[in-house]
């Protein structure tokens, strides 16, 4: 972690000789100071991944020109998927919640302490429990009820609110509804969910009850990108906690909260810092 | 975890033949239903420890009579240190904070969700940063500044507020002041602190900077009872998190928050559920 | 851990008032000194579990009489499933291996250091790689090849060797064959396997390749009792280790060895110390 | 992990613009295929660290010429500390043990399975307990007793054996003697120790007894380079395991073995794969 303004380049391309040389050569020619860099060659698919932080004031031009030159001189010749982001521009994270408080409190604590250096333009919920708590923080709250009958309209409304808020990322902070395939497709790679099991074990409903029935000795939580296939999207981060025979599903639910909020916060941070590169249904995470 | 009202007996006494028989015999004679029980014999000191939960409505008498009979029939003959608490009577936890938010948000989230089934009669701080946040939760906030000159008066004031609030337990939720020996003595075994290192490493100030200087590969947090000797009281709970060479003291501070709040919440819960029995400068923790 | 000779009572029975009193009363009447005791009430099934260690020389009679009296005075009236074992009688553990060395080396290291205080009357393998290594330790080695054609005969031979060796427990220390249903039934609750995944994820063949394909961020190992249903028996112990995008299935295989041998050793120890009580397809583990 | 022959460059130098470009440019100009690469800029000391694996057969010259060209074209202009190693040349690891078996068994298991792809030219011990076990593996065993009177001669003998064996690395696998300052100096950065505590807690003798006395809730192990200051050298790897009030120092000793051998094996592997770069009294570890 450092405090100067920097640009983050994250990219992937077919592997070949000379990629690092070309990218770092481009940066060096422009006097760019590399603060942090990570590279990964995936032998199975012959694809190359990278993430580089460059001090903004070490470069002689602004972001737009950096992007344009990089595109022309490096990205296109190497057939890259890429983006360059500016640490001075806070990402806009829209949070969706239902009735459970732990992830919401946790995210707001990190936000208000600037530990997560983001904008939260609004919170959306299918219940109004947290309305005044969210508003006390100066954040707009949207109550969008979801019923069997209203689902289509509700998801359209959620997307409208997200777009109006110019959201970059949508976080399902224990939002107990399954988003529509349309919404998943429209925001592919931009919706982050926390599932309360160590996936692929115990996908679907009531994972702690499933874990109790199977008699496992550890329970977990999984932060992943949302796809139209339930609980099957690319995994960003996971962790587990030990339980034993004396723990009921209610106990697991309580312990689980502690890993859910931690795993979500870690996964979200990786995503916001452009540390996560999707790779088919998997992720490269440059910690 | 269960939801019926229960009494919790926690006790220790010199070890000898027949203690469990005598205690459980007393409970059985009165038709007491044991929900959970734990025993520990410490061979080094020849002392016996126990904790038993009994369903309240399985007994034919009320708490006062239970205590009186237990004292006469069991505790005195066995020379026990003991207490019996009632799950229906919420413990009163006074929280002390400074300027860091993570433990406070975390405790309030657990409190409002009834995950921690306690009363928080007030929050005390040497700063007023969190005044409106705490008051929004309907909890009184006391701003008690602490300066070099005002220390004696400040700690007297804190004790007065605690007493007025009929506090059972005082939690130092990253309260960055060292309490007076008088206060430590007056509330012995009732003040819980979270220290941001894996004690006994890095006691005292700026533990993350100490950890950075030494180049350790894991950092930790320690929940302990406060005694007049700084960071040396009986340890209730500890945990660690992995770091590496790329992490600055600021990074550690950020990661550390996640274990600090978790370890504090676990240690506090053990204490509130009478799972912690002091044993010299150590603890027996019946999880 | 202690070094005096002791008896271990492990038992379960339908829950009711007075079980602990009756059991501990029986022990106290006979001047039995309890070294360690654990109890668990399973509310969902209304069953009570216990494990008690009693110093052998504190009792006025020998093991046979202890068993007889306990049966008559306690176990039968309470409809218990129970056993009493003597720490002076080492359990006999027959180890089955294939070509992987890590669990075998690990078990033999623990055995020769008396950390695992057991007899290993023999090792059985479908390959002869480890013959001289095992025999160097003074332990007989049986090479029992298993082919598609010879399976029935091979499993009969394994059972014969186990019976001749008067085995108490059979350990599949990365034995890559699926035992016959007959053998599983004959030794129900006495065969311990280590599976190289965090079950129920990735049951069956090549779990590390499955884990790689799914992109999980932690891999695990599971120690469980073998039943005729593959990888579905009662779980005794589990643990996990962190991996990342740079780890190939071969890397996972290598890291996995470290948790496999540790989890197997822990689970086996729990079993040998009568700390594991089966409960349907789950276990109570008194650590 | 991969199986082709590769060269590993590890280096550090004062940080400046263009280091990555210069190094990767050199590799690309020679058609070098980068398999894995890691970089770290230490802001506090303005020093840059790197580790790069290059496929051996992608380069048009042999190791000697690679070293010579790299020295002239890159290392000298950038004032680098550096080395280039060849995966085809196995490192020679001399293992020192006393009477405890767990690390020795563990290292030999990894060695015989080629999981650790090293030569073990000999084992040295101040006792002869493991003589025939080591020799069974085809490895020479040197019994070098160490008494108060013979220390100087003994350490001279150890160094002579190490030199004769053309050792690259010396591993203290629970070797319970303190090496002489001369030996530490002569093999600086090449002697790896496993200490049975989570340093800097409980340095010196009997760390588990110290941990028991303090009442910590986790115990640990530390793999570090040996310096003349006892237990104070640069830390390579650490890990911890949970204990509780029921664990005696003997129990801790037993549990501790499991982390000692794992932490030693991990730290040793990092060292052997040139993943560890010393940095004052700290390490950069590129995992």
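When the chains are written out, they are named A, B, C and D in that same order, and each has its own residue count from 1.
In the analysis below, a residue touches a chain if its C-beta (ideal position, glycine included) is under 8 Å from a C-beta of that chain, and two chains touch if they have at least 3 such contacts.
No experiment lies behind these values; they were computed from the predicted model shown.
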Out of B-D, A-B or B-C, which pair touches the same way A-C does, with over half the contact pairs the same? B-D
Compared with chain A, which chain's mean CA position is the farthest off? C
Approximate Å spacing (C-alpha centroids) for the pair chain B, chain D: 42
Per the C-alpha means, the centres of chain C and chain D lie apart by a whole-Å value of 35
So chain C residues touching two or more other chains come to 2, 36, 40, 43, 246, 248
Interface residues, chain C side, partner chain A - complex: 40, 42-44, 198-202, 214-218, 220, 234-240, 244-246, 248, 279, 281-285, 287
Per the touch rule, the chain C residues reaching chain D in their complex are 1-2, 36, 100-102, 105-106, 108-110, 112-113, 115, 132-133, 136, 246-248, 250-251, 254, 257-258, 262, 265
Under the touch definition given earlier, write down the residues of chain A that touch chain D in their complex. 2, 17-22, 24-25, 27-29, 31-41, 43, 58
